[in-house]
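These are the structures, in structure tokens.
The two complexes that follow have subunit A in common; it is paired with subunit B in the first and with subunit C in the second.
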Partner chain A sequence: MTQTRRAAIIGGNRIPFARQNGAYARASDQDMLTATLEGLVARYGLAGERMGEVVAGAVLKHSRDFNLTRETVLGSSLSPATPAYDVQQACGTGLEAAILVANKIALGQVESGIAGGVDTASDAPIAVSEGLRETLLKLNRAKTPQERAKAALGLRPGHLLPAIPQNVEPRTGLSMGEHMAQTAERWGITREAMDELAVASHQNLARAYDEGFFDDLMTSYMGLSKDANLRPDSSLEKLAKLKPVFGDREHGTMTAGNSTPLTDGASLVLLGSDEWAAEHSLPVLAHLVDAETAAVDYVHGDEGLLMAPAYALPRVLERNNMRLQDFDFLEIHEAFAATVLSTLKAWEDEEFCRERLGLDQPIGAIDRSRLNVNGSSLAAGHPFAATGGRIVASLAKMLHAKGKGSRGLISICAAGGQGVMAILEAA
Partner chain B sequence: MGDTYSQIVNSGLGKQVAGTLGLPRPSRLRRYTPGGTLIDGPVLVGGHGDAPLAARVRTLLGERGVAVAEAPAADAPSEETLSAVVADLSQVQSPEDLESLRALVGPALKRLGPSSRVVIIGAAPEQATGAAQRAARRALKGITRSIGKEMRAGGTANLVLVADGAIDNADAAVEFLLSGRSAYVSGQVVRVGAGHPSPAADPARPLAGKVAVVTGAARGIGAAIAEVLSRDGATVVCVDIPAAGDALAGVANKVGGTALQADVTAADAGSRILEHCRSRHGGLDIVVHNAGITRDKLLANTDADRWATVVDVNLGSILRMNETLLSDEGIREGGHMVLVSSIAGIAGNRGQANYAASKAGVIGLVDALAADEGVCARGITVNAVAPGFIETEMTGKIPLATREMGRRVNSLAQGGLPVDVAETIAWLSQDANAGVTGNVIRVCGQSLLGA
Partner chain C sequence: MTSAPVPMEVETLRSAPSLPTVFARAAATARGRSGDSLPHRLLELPGVTVERGRLVDYQRLCGFAVGDVLPHTYPHVLGFPLQAALMAKGDFPLPLVGLVHLENAITVQRQLTADDTLDISVSATRLRPHPKGRLVDLVTEADVAGERVWEGRSTYLHRGRGDASAEPGIPAPPMPQGQASAVWRLPEGLGRSYGSVSGDVNPIHLHALTARTMGFRRAIAHGMWTYARTLAALGGQGSGPSASHVWFRKPVFLPGSVELLVDRSQPRVVAGLRAHRKAEIEHLVLTLEAR
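Moving on, here comes the complex of A and B:
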């Protein structure tokens, strides 16, 4: 196999995103991913179809969900002969899954695939404490009643406290918000700029709903038919009233209004070769042109946790002989308003571009009217592994409407100092 | 949706009590199963004069492997149980000729088994050549409806009126009325006219190769329509509002069709539906306008919004979508459209003036479209079904006493099932039925309302 081809993005589906402990409080990852898959199968008439593969993942995952995606396929209307596997790359999971499937399609190893992710912040896995875990394992290994009694005696009351998963970086002990606050300060991002971005996100998402943009991108679930976090009447005045929640609690800039809340939800993207799409009378909205994942040393090095996309960009631009300004649409995941603004500022900064990215020229400013035009995570919410699928499907639809040859860039930052980027081109 | 009453009165003790009190005891209706026999014969076939349609019916029954019984001589009455009587009265000239009907059907009624059928065939009264002939032809309607009320144990009686020169087009109607597909259809008149019916290559899959759209398909009657159309061979596009998306996906996946989330009141609903059918399924043959809502309130208390919403979802949206769906690029030649009306649109209903307006309007729309030159030239049939009391989530929410009333005030003494409405719609969507257009078929068990 020497020739490769570009994988087609045919469409997608997601369920509305719910706030933590909201509408989906009792739904598991598998429930949500199955509902999302069923909606996708129905939209594209895939009942009984054997797909090349289904790839998805979750960031917050129970150990019993070791085969989450395959179990989801088995509970769906797809042919049970469809293979599946899980991936996990923090918030990059969904996009990375799409890239993996696209690459197999590009190589001709599969003709079709479904990629995405799911996350629940409500039905989160709770682990037993290390002490209890060790005691239980000892008990399990014990053969005689005496050994068992001895093992059981090792139990201490403190062992019974559960370990609840936390949104902190294991190597720094800092939450993502605290990391972000440091980066925002370094780049001098103002509270006003953050709030403006948040308001734009809500207004854009609300307009997209009004225009019916999501009618063929979403399937209602458990009584929700719109993202629960969306505040169409959000305004600078309202956001200005909120207290900082990260960094300096007095004079800080990051509030609950310009940071994404914990969210539950799932999304999936349908990919295939052009031939497969034609055989199934399915539309090709866009092709995946290229992708790049970068990582930064935020532990010992002098770089922000969520700044990796800034490094991915010059590499992928050079490979494709493009400028940032060539893109018709830019989808920069709004982990925090400050993430987007710090990244944009870094690309405009001559010193950063020279010293850190090794460029002669700064990458430059963007036309903000091309940024997150139908809203992003600040308004929709951000169930970690579900964000990539949300963006890929929406961007493919926007590009298709814009016209053949138009291009869009996706940038998603992820825990562990990583960033995933992809370029789509309208078919 | 358990019909507790039916269960109780059909239990041992219940039967006794119900018998003593003279309460109605609803029977279990014979319903269609794919691959089953048309009807478990024998069927008595006769008529007046040379009864040309009776001859056709005998041929049809022969093809379907159903035994035909001949009318016994008056001095040698037969005891054999019959499954149906088909009486061809198309040749009656005057009221005296109706005696042929009495003589054939009257004695046979006592010999009918459960879920039996009486099918009367007549000629169109408006095409009669004289007063006596017209009166006699018109009389058949009254007779049929009376027989419907006399039928026992889930039996039905219906009338097929055949227009001049359409004698070849009535087979599909007779077959439907004999079959389990028409379980909850009684006291109805099916008018058969011109057209070019083509019998199905495979009678078990009369809609094979067809592309059908069902609006309001996420639940209730719409979901049943999608299932029956798919069972009969069609590829089904299931349409419902985005808020019903998860249920809609379930239906679409069950029937192996596709889901299209669209509000039928949206300006672009028609074009989105058509675009979907053409690009994804290569065209469009059948449209079922089923989506509907109620916003009940006495007219005295109905505000403009309550009024407009119901009229627009149930009627206005159909008019708008049809501009696209019935355009030259829309439903293919020889295709079919079925609109879902309601007996409330015929009888009216207290607290449902807005709903009745929309559902009566649907009937007017069928009248207009069936007479439309363009629609006729392209051989597209347009009909309505008017369901009576159908056991759905919607009717399940009606208070118990009212619900019991609704269920019982019909000749079959029970509510219908969504599948009963769906079967009638699927039949109206068959190419074999090309001679049936402009009809309003009630699926109401011969409800007393609006009768």
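Moving on, here comes the complex of A and C:
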């Protein structure tokens, strides 16, 4: 058995996130991922380099993009001898991709890799309706003119309407927002608490830009040099005016202001062994210490769609002999403000921690000043598969600045009742 | 660069000339053009900005990565209205419609992006004999803040009485041989698509019917498209400091299929396009090297 080692996080790159049908309206997943990869290659001098692998994915993906990441590598200045594959785990895609590459590095199977993801809500795949698809397949199978005529007669005018992708859970028919509204109600999350978290996200992201935090984490694209969703002047008063969009349309708590908008963008993280980084004179910002992916039964069980990270935490804490309060930074992806708040409340809840997580004591409250300190998805936006790479690169940089040994936790909820978690430690 | 014997008259334009108007004027005044001298005129258009929507259309159609970096050939598209306008003027000795694009050379001094504002100028030089008629070069130069960043030289042939003793130009390298590295199927409407992104609405490219009036049996692909598409297939190298030279041979009839051949054995990459399954029909040969 090979001795394992911790994978190093060397850096990252992303393009600013654009709102749906905004600056990247006509850019494809491959275009955005290529621009992001080329920016990373330029920043770290990787032109012509044969990397161990490149792993990325997209949630909204055309069927022609089955080899999206490999096609992106071929269109980049990396060596064409760099292998690549796609992964897809809804909003967990980017972080899961980083974990996969880190694990191969840990096992000594590769020395270097690039991981991340991309998504476009603008250049979305539109499919033909199920009726038209079935008719066309029948026509294709038909061998005689009679069979062909019979198949063609099955076509109905309604079949000609295209099928547009929807942000809906296939098993429940509920949108993610509707699911979240149920969970928020169960945990009694108030509108004010959600709006406060949203304002903090915008203010933190705006401050991070002012401090130049993203200068070596981002390359501009299509005329955009900052996340288009960022509202530095966001305030509780402004957010209070918005109408609920999920759950109870009158008395509901979730608005467009405390939910992430549909967004376009891409992000990538550069990983390697310490030796590879040293050979290439590249800095090691942090190491990936451990990771845990959990899933919950939101269909038949009594759990919220986006609550899986709550279950991942105790497992990863126990394995690493840590408490939640030990982390210097907590990056909890803001799918909705209510997601973060419900998760935090669950960890403070004695009954939940005992009954659901099997713990003697509640996990407890956190120091909120350590949460999403440079903003998160409510302000930056959330191109599904691109969020993991955004957080990994940012957290690694923050930890490096904080000092050797400091630790950070990443928590990302995903469709299908899943949640991906990772621990990083400053090098 | 050859310098003109007498000082150039500089004509500064305030906006890009409308190509359909220029083509119509050129067609109406095609007859009776003659003479052995070129106008000593530099047409310049300062402050040219890149329209991102048009750039995306161009990148998509030619196979370049969609983004902020200008493809090797893109300043040619920006300068083409000036080329056409210069050739449509009454004192230009050759008729624009009917000229055959024979060669093109481009030098990129530095990578350009959609945020660069270009000052573009065009002049005509080197009217000279050729075995099949006469050649002329249209030189396009692009500056950013007074610095030369890009230049292109388009060589056009006017078919006519040739001069067998004409001095040959830079010879093309041999066509790469062997197996095709790609096969592209070019749709019937390619000329219209490229016409709409480039503005080059020369009737020989648009439709079989309009091409027939010009003596072609079907519409033919724009040379600048086949050139750009081939460069795009060679990767991102051409968008940085680089130089290319293309020699156009037989036209590509639309619709049609072509094969790409690439020889990377030397630092100067050689690529060629030939007809699919008809290796003897060569469409172009080009070279690309980093600078």
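Assume the second predicted complex is superposed on the first by the 417 of 427 C-alpha atoms of A that agree within 3 Å, B and C clash if a C-alpha of one lies under 4 Å from a C-alpha of the other, contacts with A are read in each partner's own complex, and residues count from 1 in each chain.
To be clear about the criterion, a contact is a pair of C-beta atoms (placed from the backbone, for glycine too) under 8 Å apart; a residue touches a chain by one contact, two chains touch by 3 or more.
Owing to the predicted nature of the structure, the values given are computational and were not obtained by experimental measurement.
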item	value
Overlay on subunit A: subunit C relative to subunit B, clash or fit	clash
Touching partner for A:I423 - first (subunit B), second (subunit C), both, neither	neither
Partner chain(s) touched by A:V316 [first = subunit B, second = subunit C, both, neither]	neither
Contacts of A:F214 with subunit B and subunit C, given as first, second, both or neither	first
First, second, both or neither for A:A35, with subunit B first and subunit C second	both
Which of subunit B and subunit C A:A228 touches, first, second, both or neither	neither
Subunit B versus subunit C as contact partner of A:Y44, first or second or both or neither	first
A:L239 touches, of subunit B and subunit C: first, second, both or neither?	neither
Subunit B versus subunit C as contact partner of A:L262, first or second or both or neither	neither
Subunit B versus subunit C as contact partner of A:A308, first or second or both or neither	neither
Residues of subunit A touched, compared between subunit B and subunit C (which is higher)	B
Listed stretches 279-287, 333-341 or 387-395 of subunit B, narrowed to the one that overlaps subunit C	387-395
Shared contact residues on subunit A - subunit B and subunit C	35, 38, 77, 220-222
Residues of subunit B touching subunit A in the complex	238, 242-246, 248-250, 252-254, 256-262, 266, 279-282
Residue ranges of subunit A in contact with subunit C within the complex	26-28, 31, 34-35, 38, 75-77, 220-223
Interfacial residue positions of subunit A with respect to subunit B in the complex	35, 38-39, 41-45, 47-48, 77, 212, 214-216, 218-222, 225, 281-283
Residues of subunit C touching subunit A in the complex	52-53, 56, 65-68, 114-115, 235-236
